[in-house]
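Okay, so chain A shows up in both of these, paired with chain B first and chain C after.
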Partner chain A sequence: MGCGTSVAIENQGKPRGHSETAMKAAILIQRWYRRYIARLEMRRRYTWNIFQSIEYAGEQDQLQLSSFFSFMLDNFTQLNGNGPDLISHLLDSVVDPLTEEVRQTRYEQIVVPDSYTGPRLTFPLSVSDTNALLSAFKEQQTLHGKYVLQLLHETKKFLKQMPNVIYLSTSYAKEITICGDLHGSLDDLLLIFYKNGLPSDENPYIFNGDFVDRGKKSMEIIIILFAFLLLYPDHMHLNRGNHEDHIMNLRYGFTKEVMQKYKAHGRDILQLLQDVFSLLPVATVIDNKVLIVHGGISDNTDLDFLSSVERYRVKSALRLPKRSLDHLEVVSSRSSSRQGRVGLESPRSLGRSSRASRKRKSHLTRQASCSSSSSSSSSSSLCSPRLLSRNTSRNTLRNTAMNTPRNTPRKTPQHPPSPSLPSPTDMLQVPFLDSIMSLAPPEPSREEMEWRQIVDLLWSDPKCQNGCSPNTFRGGGCYFGPDVTQRLLQKHGFCLLIRSHECKQEGYELCHDGQVITIFSASNYYEEGSNRGAYIKIGPELVPRFFQYQVSRSTRKLTLHQRVSVAEGSALKALQEKLFAHRSELMAGFQQYDKNNTGRISTGEWATVVESVLKMDLPWRTLRPRLVRLAPDGNVEYESCFEAVSPGQSVPQVTPNLAETLYRYRTDLAIIFNIIDKDHSGQISIEEFRQTWKLFSSHLGVDVDDQAIDDMARSIDFNKDGSIDFNEFLEAFRVVHKLDVKEQQHG
Partner chain B sequence: MAVDRDRAEAIVSEIRRKIKDAFDVFDHESNQTVDVREIGTIIRSLGCFPSEAELRELIDKIEDEEPTGYIHFEKFLPVMTKVLMERRFRPIPEEELLQAFENLDQDNKGYLEPEELTKYMTQEGEPFTQEEMDEMLSAAVDPEKNVIFYKDYVSMLSYDDSH
Partner chain C sequence: MFEQAQIQEFKEAFTIMDQNRDGFIDKNDLRDTFAALGRLNVKQEEIDEMLKEAPGPINFTVFLTMFGEKLKGADPEETILNAFKVFDPEGKGTLKKDFVTEMLTTQADRFSREEMEQMFTAFPPDVAGNLDYKNLVYIITHGEEKDQE
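The block that comes next holds the complex of A and B.
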């Protein structure tokens, strides 16, 4: 490679001796440096894998939680006392108690005080309003709740008359800009506007979903996007993403953000947002050639059928449409003991099978699970029994649903038991079919098909192997192969599918022979420096052009080593927390190999245990030096992998087992408590707490005796008034990184 | 004897797992293949210090007769296991690295000008690409004096490498 150049230098007349030494020295430095960079590259890659595994594990937890709701529905008749009340709380949270008119007059009566210095909007909006919003948000101001409600009402009115699929043409504008996930990162949105110009008649935009959650400025982002939508209805287009979903928002931060920013009107805003989100169009088509959806497609995706779907009914992809629940309620109220048993058993097996599925999806990091290649049969995962097989037409489908109601996804012999979570529908259907099947109209299955169509568009990811398989990694939607893409594009005469939904290091990525583009617009998504953001410009010739950027807080360019170290550090922290949350299981595993109680096992044994307990597909042997100490004899001192973190200060008096369980499920519990706590006071009654926890632990199959729960409940009712502050309670179960604590003390 | 054999087997199987772990990080499609351009990173991240020429030789051994641009794990594993068992491409001690810099510093200044280092690294030996050069300089050049105090740089690299 480099030999030629060194000859050239010799010809310049340098003494031969030095030239040779210099060449040897250069090679040595180059060798050294290239190995140094390779090690950094390895760390950068596995950091990415850690972030992705943890992110998707969170999504799975969310889906498991939603199956918990179904579980409660199935079982609430068995509860005594205020059990049914608890359930109605859960259900009511998605039922709007007020009529449109009442709510309208409510926000009209809100008075904006003179002391308010933020922007004031006048409808219909004009350019001066959007300008005022942009500059106010740059100054960290907040828009008053009254204007937010008014903006949402107007947006809702506008969206109601929009079709499910929007057809655009490049003939009116030279180019259209397409942006992917923003996730509450206002800096990225402002950077896009700065580089690419504000939306206008000449500068149309499509935002492809996931505007909210994770980032701290989700509210600002949707205010800006909705304002431009109203201002330029023909040149601003918003597709729904899987995070435009009120149940997702409970876990990923948007609900909290709204309640913090709008103490007085937060609940009304959230209620209205549920409607607005469910009214967002789900797909956009440019020039009848380019399909744009948030997640992707499945082998069931049918754009003709999709255009007739009543999309607003899908308030959340994590819940079946309300009507199915109505049926359930009717039936469950006279549920037989047999139904009760079904309900109780399935969730437990659910815990197990979901773990199995996480393992299976292991290669999720790489978009495709290896086992999925074997299954070319249709099926999106989770939640919906696969009533229709791939080639079933819509008409025969209804019959199928009636005749073979339990015809759930075909289980391929390669991976028993079925890896997907037993769906809420599965459970819901049992009583439904048992008791009122003969009376049931065929509509529910149609409704479920509609729901399925939308879930697939919002949740799916492409994979490299042919076929369509359940997206068990995320727990929702499916993985679609190049053949699925090919068929859909061909059927409609399309040439390209643009989707978002997955973070990419360069902000965009091509797959399926260039027929599928992923575009992701939130830079530094996992951590400062973790990834670039990008947007696409596409003109009449339909050749996409990519523009990359990265928001940077520091002015000085960081070295590769610094960038990698920062991201790696926070990935490892997340991993240490995972290890800590599974401490007793891990310890039991380690001790099996440590017969003589030396506290040491081999690296291989350590890796095997961690892999089997956490079910995360990560290079544990490569990560070992970052997570656990070696003893002088070369074995690992396994307890040292729990040293980096410790539980929060004021853990109430509970058994270690219960503490760990609480710690592990604290996010789930926070969501449940938040739903029960309708007025968002942060307080729930001790009885509600106990009931919830009992149900939840039995749903998880966690063995905690009632006495321990009662003791805990009493011990956290500090002032003995019968209610508890659950935020404070959960805070006690947060783990703390010891290093951080030290820094705080010293700083 | 039997114990020794068991131990040897355990060592080999542990080495194989290590190789698999590293390979998997780059196997994006989970189909037991990686891009041939990334094989150097995998080999080096396993603690080897091959030169580009040695790396090329190794890849030739692993690659299919008709290069597809991808490397299969089953071909990579035996070759790499052998490399690690035989402890080839051993680490370069810090002193040797420092000495190499000293050899480039003909006037014994104790530092190198960025232009000097760039010339050696991009024209001598197995030349750096522009990207590699920029990356190296971004960390090597002292921001105040605008020169490379290579002694500091070597100890920084060694420190980074172990942390």
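The block that comes next holds the complex of A and C.
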């Protein structure tokens, strides 16, 4: 390459004798610029970490909520006089009393008004139908509920004939396109179709799960995907993802989207979707060489067993299969005056005695415990197991540990939560009347094994180290190492595993020495500019080719610095909200280090407290300048970390502590209220509100004054008619970011 | 050598580089970090050289020794401006794009082609091919200052 011998330099008139100074200057510039880029890169990475941490914390919350639902189902028999049916309806699988033919006729009879200008589908579908759908959705139209129901009905019929694992082959010239998570991002799907062409006999596609949730166009995406599925059944394939799950949809936005878009038919659509989702195949194999699943595998994954599984029974990963008590050996570990009967009680009395024993603080403990307990075994555990006694009445083993913090969403499996099943060595301890009984858990039933196989495929993540451990970060599935991959691939003669499930900066990533590819197709997943999307094309030679893209709202490309700043700003806001939501705990922690009440503590102390309260594994010291102020003496003014965020509106009769608690559990409460609100009026009765809140807070171990709740409930009942508009109620517990307000005020 | 607080900061930097979280920075971590910094296609030899500089596998202690000094401090605006001025004795405030490329890619800690492109994408020269280096220095140093607040 030489050193400065080009003609250009001559023209600039630089004296050659200055070469030493020139070199020093060059070094300085190079190092300085590289440091700048390195700092940008660091910010980008920790921004990424923040988003992922928050995402997985949300998944943990979901686990907590699901265990609460089970708790409610089993303990709360009177809710609006409807018993547990209300909750069962949405959480348990419901057998359709009507036959398929009757259903079909019903849908056909739905009248679509002439004023409706959207697509009118006719079955069997044709290319004109799919074209009409694509045009309509580009114009922001919504498909009428009738056609949605008919489409889902046809899709369900079609999927019933499909096996659990689909085997495909690339014929001589055809390439198959494989797409990853879309998460409701219609723009990304349309961009893929634009770049790669629509699905057809000449252009086969596989979509690898997670079509819904988070993005606002989940409905449109599945309408398009199912339509193409029916139109080209041999060239369009869909794998189930962990978000094709009605309980996940409650939290992550799909249920809400459906109810908002389809007021009259929403419930029917959701009910049908439950079935359709559970009928989606769980894996696809190309040329007997490439395995495609949404999440990953575990050391238990057995494709032969998998082909015989009844996949439609696993409606949700978060509803654990019932277990049989028939083989239980019941050993009383403490003698008590009531000892004698060894059988288990009916639900009501057990419920009552658990409530009573709760008051006496006798906990349900286990060696391996689940998300709301504090024990620290790393073996897989069960959250809210359900047991059947010989009388087939429903008993429950409840984890009612009261004052336990939520578990750490860490990658290393030190902490337990995981909706997987206990190993035979765990002992379950049940409060029975006044004593604690030890039960050896039963052998896993066939249903459990089937459940586990499917959950592993949909929830697992690859890791770098060998071995297979429960995926505590997400609360479901496993972490699988390169040895697990190697073993499975070898066993079946495969050469490649393609999966999705994890967002990647470049839209795709290889690991396990190139044997595992992660493909993710939702660009800007966390925030504008956060990541690209990608798809794979693979032909008969089985060499994958990657295609990347990024949807952009603005036509002007953002510079790297701008992209990092936008994403970072968003991540920091989310963090600030988390700090706000845990204010009292944090302040208590800070004050431990500040006995003299100076308002200041060292950076290290601040970081320690924040890490232990929020339980997020982030570089707090690096983030410190963005979150909290320094005093002149170099210490942290800890109260300043709450300054950026303030409550949206003041609610009378609500103490700051209560406001904080309600803010923290807003999402959970929204989900619960939506379930209680059967007719979707947006209103629930004060009594329902009070009871639900009490149950929820006692389940979480949150200490809330009953009187305060009563006062608040009454004050929210603005028109004093005994009912609360819960959307308004939840709105009251939003927060605003002060900088946003300022920007709005100054235009 | 370093204060406790600084060590903690470096620990975070180390963790950010250690992508697979196994407590060591290996060649994959290094390659990923380079790639993210715009230096794609770093030669295997170069990475091996860096790894060879370390007495053993690069755990945090080794990282501190090797990189600690380089992570400290920021050069003041004045210093960087003077460095650019070495190449602009007439004090025009701009430099020709080709010249800048030559200057940075052919000597000292040579920039790669990708790094050079990255810089010009972020700080584009005008139509005549002039790079306003004063502006570049200002944006970078002042942008950074805001970060450190």
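Definition applied: the second predicted complex is superposed on the first by the 562 of 747 C-alpha atoms of A that agree within 3 Å, B and C clash if a C-alpha of one lies under 4 Å from a C-alpha of the other, contacts with A are read in each partner's own complex, and residues count from 1 in each chain.
One rule holds for everything that comes next: contacts are C-beta pairs under 8 Å (C-beta built on N, C-alpha and C of every residue); 3 or more make two chains touch, one makes a residue touch a chain.
These numbers come from a predicted model, not from an experiment.
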item	value
First, second, both or neither for A:112, with chain B first and chain C second	neither
First, second, both or neither for A:26, with chain B first and chain C second	both
Chain B versus chain C as contact partner of A:264, first or second or both or neither	neither
Chain B versus chain C as contact partner of A:464, first or second or both or neither	both
Doubly contacted residues of chain A, that is, touched by chain B and again by chain C	1-2, 6, 8-9, 18, 21-39, 41-42, 45-46, 49, 464-465, 559-561, 602-604, 607, 619-622
Partner chain A, residues of chain C touching it in the complex	4-5, 8-9, 12-13, 15-16, 20-22, 33, 36-38, 70, 74-75, 79-80, 82-84, 86-87, 89, 96, 98-99, 102-111, 115, 118-119, 121-122, 140, 143-144, 147-149
Complex contacts: residues of chain B adjacent to chain A	10, 13-14, 17-18, 21-22, 24-31, 40-45, 48-53, 56, 92, 96-97, 99-101, 103-104, 106, 120-121, 123-128, 132, 135-136, 138-139, 157, 160-161
Residues of chain A that touch chain C when the two form their complex	1-4, 6, 8-9, 12, 14, 18, 21-39, 41-46, 49, 411-412, 463-465, 559-561, 602-604, 607, 619-622, 625
Residues of chain A touching chain B in the complex	1-2, 5-6, 8-9, 18, 21-39, 41-42, 45-46, 49, 363, 366-370, 373, 464-465, 557, 559-561, 602-604, 607, 617, 619-622
